[in-house]
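The following pair of complexes shares a single chain, chain A, combined with chain B in the former and chain C in the latter.
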Partner chain A sequence: MRPPSPSIPEKEFLFSTLEKSLRLDGRGLIEMRPLELTFGEELGHVDCTLGKTRVLAQVDAKMVRPLPERPFEGIISVHSEISPMASPEYESTGRPSDEEVALSRMLDKVIRRSDAVDREALCILAGQRVWHLRLTIHCLSDAGNLLDCACMAGMVALRHFRRPDVEVIGDEVTVHPPSSRAPVPLSLHHTPFSLTFALFAPSSSHTNISSQTAPITLLDPSLLEQRLASGTLSLALNAQRELCVVHKAGGVPLTPEEVLSAVNIAVQKAKELEKMVDARVREDWAMKKIEVR
Partner chain B sequence: MSSRIEILNDGGFRSDGRRQYELREMTFDMAEQAGADGSASVAHGLTQVRVSVFGPREAKMRSQTIHDRANINVEVGIAPFSTGDRRKRSKGDKRILEFASTIKSTFEPVIQTALYPRSQIDIFVHVLQQDGGVLQACINATTLALANAGVPLLDFVCAVTGGVHAAAPMLDLTTLEENDLPHVTVAVMPRTGRVTLVSMETRLHVDRFEEILRLAGQAGGVIHKEMRAVVRERTKGLVDAMGAGVRTSDFAEDAMVADS
Partner chain C sequence: MSVVLPGELVPAQHVNLKLGPGLQQEAASQVTATRAGILEHSANNSRWWVESNSRRYVPAPQEPVVGVITGRLGEGWRVDIGSAHNASLDALAFEGASRRNRPNLKVGSLIYARVSLAHKDMEPELECFDAQTRKAEGFGELKGGFLVRCSLRMSRNLLDPNHFLLPLLGSRFPLDAAVGVNGRVWISAKEPKQTIAAARCIEGADPDGGGMDQLALKMFLDSLDF
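Presenting the complex of A and B:
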């Protein structure tokens, strides 16, 4: 059973505060909730929290035979599932819900289609052996903007992960366990970050979509904001100012200028996120180093 | 193989002989499909899509009714023979589900759903041939099919794809070009010039994106002119047909007067 949609007073209160550029949790309009990354004991195990939204990502690698049509490339598969654990909103029925489809497609686009991981570097022996990376995303709690949190968790898990070093002599493949040789990080082309904006039609006319005033744009919507928003704009981009995914379907129509200003905000945020993620991954790796004498 | 074909040659021509900003030949056909309340087929070059609209009608499942507006249901079928590699896609394919939900959410705010509480509008999209710009063709066809069905819309939705080849923006890409270039699909509402849909899945620099977004906005206006002409012609045909009916009865009266 889905919980009832936000009540009318709740809705009106949110709209009236947005008029004054205030958000219910005290953030600025383009301010994200604090992002926290907790790394597990194992490599490639990341717990990512964005406010109260929490996603766990885990990477593991195994050796497989490559696909016959791509003998020089490793395989990456992303598994994600939204269980009723994340929020009572989600039911565990057979058919994937719209949110689930959107999440798995976004992860696919951000992680696989944008070529974040160098797949050819995952090849061990052409046509014989390649690495198969399996990224599993567990959505633990949804307090809004699950999409960005999941993409962040997935990308950071890939940055954090290190595969065992392998040595190839002729046709002989030797895998060195982490105890004898330091595991090697994956070769990543870039790190895309997903950023979602919630759009609110300007007051007076929540229904009239052809009004001339600019809509209100919020970065990183909370659950209530997300549910009341009249449309979202999801962008995925890296710190090198390259957009990887733009997805805006329906909702409030925007002028090209409004789209571009959202893109510019996202560019700034992506740079900040990149810096922070980089620092956190380095810090964790430094802690994991064991000096061998 | 495609890498050997020049996307844009030194003379400024593309692989199919078009210029950078030239659109492919568009065919908009609003001929009625028996059974459907409205239908349209749209072709952009070799890409061909047919959309049938049923409704507003009573929802098949009562659980799907919404008390204050119409529910929109979009189903997309991609013919296995529509691409070069004949592949059967199952109905539960996530890409197709996302495609359908993109079309649904694009049209939800455009259709005046509040006029039809507790009813359902079914939109069935059939992709018959794919040669780039499938989303663009589907959106244009859905707009026309809805107009043909007499569903009240706030505005047209006109979509177009744009891509960038070595800093040179191009419009209306074919499959060959889509495979090699980053591309964006943009849908505009011509009355306000605002964009309602932007969809991109390939890597593109922010500055290039800006350029292509503006260009696609203008191209949407051109497509709108074509679409509007087709809708006007169709409506004119219908009005003439109604007038013709009246005229025959007038003639009959005249004849009776003459007889007496």
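Presenting the complex of A and C:
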């Protein structure tokens, strides 16, 4: 059953606090909830929590025959599903819900089409054998901003994952099990992070036709903020200031300056996230005692 | 303290036995648990219940709940109380309501009501007055303020007069609160900052969330600015 839209008092209270630049969980307007990464036993198994939003990502690799039109490239597939486990809002009917379609499209853009993974490095024997990476994303709990959490979990899982080492002599392919040779990390071009802003149109009481006020932008919206927002702006970018995706939904007009200032905030956050993710992945690798070359 | 699992036999024996949530009588003197949790009983062993925590509300008669109006339904309204099915609220179930004089509720309004009928095969029904005295006794529409969602355990704790949280908040700033046992708490203070502080304290004290005890919560409250 779809829950009703937020009640009138909730709506009014949220708008009144936003005018005073306050958020319901005490965060600043461009502050994210605390991000936590927990790695599983296996490589490429990550549990990512953003406040109470929680997503689990898992990578596995197997050898397949490449697509005939791309004989030198490995295959990456992203599977995501939002089950009713995440929130009673999502139903387990046969066809995917709008949120699910939006999530899987965004994941596809951020992880696959941004060329984060070097696909040619996944080739073992041209036209014969390549690696097929499968990234599975399970949304365990939705407390707002599921998209950013899912992208983060997916990218961290890819960074954490290591495939078995292979040796090619002539046409002979030897796969070395992890016990004999250390598995090798994937070669990644960059790590894009998705950052979502919720946009609130300035309240009508203050709007003059001559002097338009800027909409209020919030980073990392909570569930209530996300549902009451008049629009969202999702940016996917890496710490090197390379923009991968700009996705704006909803009908709030933004000036170029406002978009640029959002991008600048996102770049700063992406740098912080990159540092943290890098430290956490290394820490976990060191703990698992896999030889880092 | 004893933990029971669903299906487990419970040694509840009394001449005037009253079973609370999580227990059911099967044969003449056989009581089994239907929920996992901690088995509790009153001092004279006459009342027994299972204390557990969950997020999904199952309506039970006479419980106070906070609901959101989701639509009109003939003479009354359809109300979301967080249970599997929507509840219905009759337009005449208010203090001083008559055919001519009905309360003016809109879709999206919050109400504080009591569950008057809860049967497993029927839709729950709500009322906003005491059926005997026909007085509101605090029930009715909740205007302004903010709705906080918490676990069911937390909302029951808040109704406990010995629980520390509401008196602690009340000693810092004036506060109106309506606690529904369906895991929804309506709070209203003069300043939005105070309402936010109260909401964060409820979240912090929730065994499902921060799980802070009295001392930790006091320090948390002192660190907030309101």
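Throughout what follows, the second predicted complex is superposed on the first by the 280 of 293 C-alpha atoms of A that agree within 3 Å, B and C clash if a C-alpha of one lies under 4 Å from a C-alpha of the other, contacts with A are read in each partner's own complex, and residues count from 1 in each chain.
The rule is simple: a residue touches a chain if its C-beta (ideal position, glycine included) is under 8 Å from a C-beta of that chain, and two chains touch if they have at least 3 such contacts.
Please read these numbers as outputs of a predicted model, since none were measured by experiment.
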item	value
Fit or clash between chain C and chain B when superposed on chain A	fit
Partner chain in contact with A:Met85 - chain B first, chain C second, else both or neither	neither
First (chain B), second (chain C), both or neither touched by A:Leu140	neither
Which superposed partner A:Ala182 touches (first chain B, second chain C, both, neither)	neither
Included angle at chain A between vectors to chain C and chain B, based on C-alpha centres and rounded to the nearest 10 degrees	100
Touched partner set for A:Val245, first chain B, second chain C, both or neither	first
Chain B versus chain C as contact partner of A:Ile124, first or second or both or neither	neither
First, second, both or neither for A:Gly26, with chain B first and chain C second	second
Chain B versus chain C as contact partner of A:Glu12, first or second or both or neither	second
Residues of chain A touched, compared between chain B and chain C (which is higher)	B
Superposition-derived minimum Cα distance between chain C and chain B (Å)	10
Parts of chain A lying in touch with chain C, wherever the complex brings them together	1, 3-13, 16-17, 20, 22, 24-26, 52
In the complex with chain A, residue positions of chain B that touch it	92, 94-95, 97-98, 101-102, 104-110, 114, 154-155, 184, 189, 191-207, 209-210, 213-214, 217
Chain A to chain B touching residues, read off their complex	95-96, 98, 101-102, 104-105, 108-109, 113-115, 207, 209-210, 212, 230-231, 233, 237, 241-256, 259-260, 263-264, 267
Touch list for chain C against partner chain A, complex	68, 70, 80, 84, 106, 108-110, 142-147, 186, 192-193, 195-196, 199-200, 203, 209, 224
